[in-house]
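Note that chain A is present in both complexes that follow, paired respectively with chain B and with chain C.
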Partner chain A sequence: MTREGWINAALYAGLLAVPLWAWATDEPFTITLATRVAILALAGVGLNIALGFGGLISLGHAAFFGIGGYAMGILASHAQSYTPLMETPFLIEGTKSMPVIWLVAIAASSLAALVIGALSLRTSGVYFIMITLAFGQMFYFFAISWPAYGGEDGLSIYVRNGFPGVNTLDPIQFFALTFVLLSLALWLSARLAASEFGLALGAARQSPQRVETVGLSPFRLRLTAFVISGAITGLAGALFADLNRFVSPTMFSWQLSGELIVFIILGGVGRLFGPVAGAALFITLEHVLGGLSDYWHVYLGLLLLVVVLFARGGIIGLLAGRRVAHD
Partner chain B sequence: MTDPVLATRDITKSFGAVRASDGISIDLRPGEIHAVIGPNGAGKSTLIAQICGGLRPDSGTVEFLGKDITSLSGPARAQRGLARTFQISALAMEDTVLQNAVLGALKSRGGRLGYFRPALGQSNLREAAFEALHRVGLADQAAVRTAELSHGQRRQLEVAVALTLRPRAFVMDEPMAGMGSEGSRQMTQFLDTLRQDAPILLVEHDMDAVFALADRISVLVYGQCIATGSVAEIRANADVQAAYLGQDA
Partner chain C sequence: MTAILFIEQVLNGLQFGVMLFLMAAGLTLVFGVMGLINLAHGSLYMVGAFAAAAVAGATGSFLLALIAALAAAAAAGAIVELVVIRRLYDRDHLDQVLATFALILIFSEGTRWIFGSFPLFLDIPDYLSGPVTLPGGIQYPLYRLTLIAIGLVIAGGLFWLISCTRLGIRIRAGESDREMIAALGVDISRLYTVVFALGAALAGLAGALVGAIQSVQVGMGEPVLILAFVVIVIGGIGSIKGALVGAILVGLTDTLGGLLLPALFALFMDNSAAQTTGSALASMLIYILMACVLVWKPQGLYGARPA
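Right, the complex of A and B next:
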């Protein structure tokens, strides 16, 4: 196994070991922190497919995170108030079933990513960043001004949604669900990266002309990556809402898009486990530094500066050295 | 006479006041190397961009294998077997030499891109890639990161990627650019063998290479093709002497 492989394995084992230890010593708060890490890492794994593999700096991924969150919020709030979402032309009822909510979150965020991507991928560089930011803000203001689902105050869901055979109210069981989904997303992302599609997407990042001369359209490669990316981040949004039993427009905020980018930069852009390392470090810092000082973001900013200036490959790059080409 | 593989018919392209292509009609016949020469800014790269789909002509058509391809995208032209190399290397620099070569082979093997099939795990892609690398002499560099290749080796890799497309025609923009005399000599020898795979439309400043390789030469000046002919004809052409060779060679 490569050095990066060992580091990834250690991270993976660590993310599993911490909550198990917390469970054994009856520290539910630590389990919840680990669950946050797993969910935010999942959102980051999604973004990493666009940003890391495809070089698409999206400052609007909160849109997908929020869509996932509201998919959960809307479906669950209708279920808890026993009112259908709509009756004509056909009846759609709310649900408290996680698998259904996840599918809806994935479908809705993929669709949004398809539309946003189709429009914004016509641009590149700073314009792309700005357009994705603008789309994110559109969703943010829309959510604020949509009274049916809580507007600015958001929506509270009183009981966590259910998953067959799992007691989702038990923190460790809910963690297990998020951990399994994160594992699946990591597996998917590893497969994609090594696939024909991944090779072409990476080449489109490095030289779009090259990709065109071998008969592939950079636009289509990027759009596909953007949709897969948005879908995974949307799924993370649904889980995040379920973790907090609360959805609000802040899930759509550009700060959240920024945080997802921060995870990836901290962890290592384009590294498979970069978002996991980044999210874990971020949540740990937030927890430790946030307890010491209200201005912990200043320290985070300094750390980011150091990483950007001295460790371009993020934590994983620092520990594993330059990426070794497979094969 | 056999039908040309590739032809432009009276194409024009202006950038503001600059007429970069001013009614250019040239063709590429089976088995030949057709060199396009001309001073800097004559419109050679612009001509290639229109042939390969990066730019659309203001008027005129581009034909390839008997079909009008003027409205096709660059990738669609590449899929039909039009292989291009760039004046300034366009390669995936962070990837290995082998990955670049496999990239070329992806689409020419037909079908859709695999989302799960490992790109480097398929023997047909690897074979095609290694065969091309072998021919340009880069097979033992397969595992090297492209950024670590010398300038000349990158030019060779460009040609190798073009080869993996199983092309019906090559269009090359200054393949010897910046190569040094030994590198140019090797590339010249190599291109000489390459014409057996497919005809080559060759834009090149290196006159030794052009005179050694070309079956025909076209001379572009200010967006116009002022002459087309054999090496001997072009050498003897007074207009060409005045416009180009006189100052340059």
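Right, the complex of A and C next:
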């Protein structure tokens, strides 16, 4: 196994061991923290497919995270109040079943990613960054000004949604669900990176002209990556909403898009486990520094500056050494 | 809806637009000349507003407050350029986004640390408060009218600066070929610091001027920053003219959309449904405008250079 492989295995084992240990010593708060790490890492794994593999710097991934969250919030709130979502032309009921909610979240966020991607990918570079940011804001303002689902106040769901055979209210069982989904996403992401599609996508990042010369369309490759990326981030959004039993427009906020990128940078761009390492470090910092000072964002900002300016490659890059130079 | 209300809203849109222009001009200059995407531009807006509020609170003079806003934002801009930004010019956009995102965190939390979380208030001075009567009998706040005038004067000044002065020639030369003007003996790194500080000063001035209408608080810069991004995407990155046209287009769309869309929907819906649908759609309108411009012209209205 390579050095990066060992680090990945250690991270994976650590993310599993910490909540198990917390479960054994009856520390539910630590389990919740680990669940947050797993969910945010899942969102990061999604973004990493666009950003790390495809080189698409999306500063609007909160849009998909929020859409996933609202998919959960809207379905569950209708189930909670026993009102149908829609009666004409056919009846759609709300639901409290996680698998259904996940599918809806994935479908809705893929659709949004398809539309946003098709428009944004007409451009590149700085334009792409600004446009994805603007689309994210569009959803944010829409969520604030649309009063049907709580508007600015958001939506509370009183009981966590159910999963067949699992007691989701038990923190360790809910963690297990998120951990399985994260593992699936990591597996998918590894398969994707090694597949023909992944190679073509990487090539489109490094040299779009050559990709075009061999008869592939960089636009299609990027759009596909963007949709897959949006879908995974959307799923993470649905889980995040279920973790908090609350959805609000802040899930769409551009700070969240920024933080998702921060996870990837802290962990290491284009590394399979980069988002996991980044999310774990971020939540740990939030917990430790947040306990020391109310103004912990200052330290986070300074740390981030140091990483960007002096320690390129993030944690995994630092520990595993520079792989082949990419880009 | 009356004609008077409509004209008032057009003026409001214009006022919003010229303030957006002050933000967008700095962003577009910094991108055009240095090729840098600066998310922390909104923080400089906030620095200007806080400096103005602090000085106005201490001295009571609005003019001194504006000067303080310009000076503080320019100084903050110059320091940030010298310490951080300068290392980012030859990095890729991802590093620039991240580093300037980090700067936002530092600026926002630092300001909260110094001034606390409560909003500050910056009062409109007596000689600028109250309404004036425009031709046609329209009453309009003098202060907002002053903002429009200041914005237009600065836009004119900026065009003059770029097209007629030596500094402007260097800025334009830096945009098209930085190696060449460095070879001609222009101190390129000083030019960069000057451009960055100029953009920062404009953002700080906008912050102070708008701060007198709204409250001065942490995080006030980011919504404006994102609108300024929309403006320069519409106008074309690097073009001052594009920034002006884009800013006024966005300002008018945003203000008039909030007025006209609910009225439009009321024609074929009942009143309350029209209100909610109209105002929800109006909040998305400038982004829809941006999407339309992009489909039509991916480089923006006046953008020539591929980004």
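Convention: the second predicted complex is superposed on the first by the 323 of 327 C-alpha atoms of A that agree within 3 Å, B and C clash if a C-alpha of one lies under 4 Å from a C-alpha of the other, contacts with A are read in each partner's own complex, and residues count from 1 in each chain.
Rule of thumb we're sticking to: a contact is a pair of C-beta atoms (placed from the backbone, for glycine too) under 8 Å apart; a residue touches a chain by one contact, two chains touch by 3 or more.
What you see is a predicted model; the values in this text were computed from it and never measured.
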First, second, both or neither for A:17, with chain B first and chain C second: neither
Touched partner set for A:295, first chain B, second chain C, both or neither: second
Contacts of A:92 with chain B and chain C, given as first, second, both or neither: neither
Set intersection of chain A contacts, chain C complex versus chain B complex: 327
Touching residues (chain side chain A, partner chain B) in the complex: 191-192, 194-200, 202-203, 206-207, 209-217, 323, 325-327
Chain C partner contacts - residues on chain A that touch it in the complex: 51, 57, 59, 119, 122-127, 129-131, 133-135, 137-138, 141-142, 144-148, 254, 258, 261-262, 265, 269, 295-298, 300-302, 304-305, 308-309, 312, 327
Residues of chain B that touch chain A when the two form their complex: 52-54, 73-76, 78-79, 83-84, 86, 90-96, 98-100, 102-104, 106-108, 113-121, 143, 145, 161-162, 164-165
Residue numbers on chain C that touch chain A, as the complex places them: 31, 37, 39, 84, 87, 92-95, 97-99, 101-106, 108-110, 112-113, 222, 226, 229-230, 232-233, 237, 276, 279-280, 282-284, 287-288, 290-291, 294-295, 298-300, 306-307
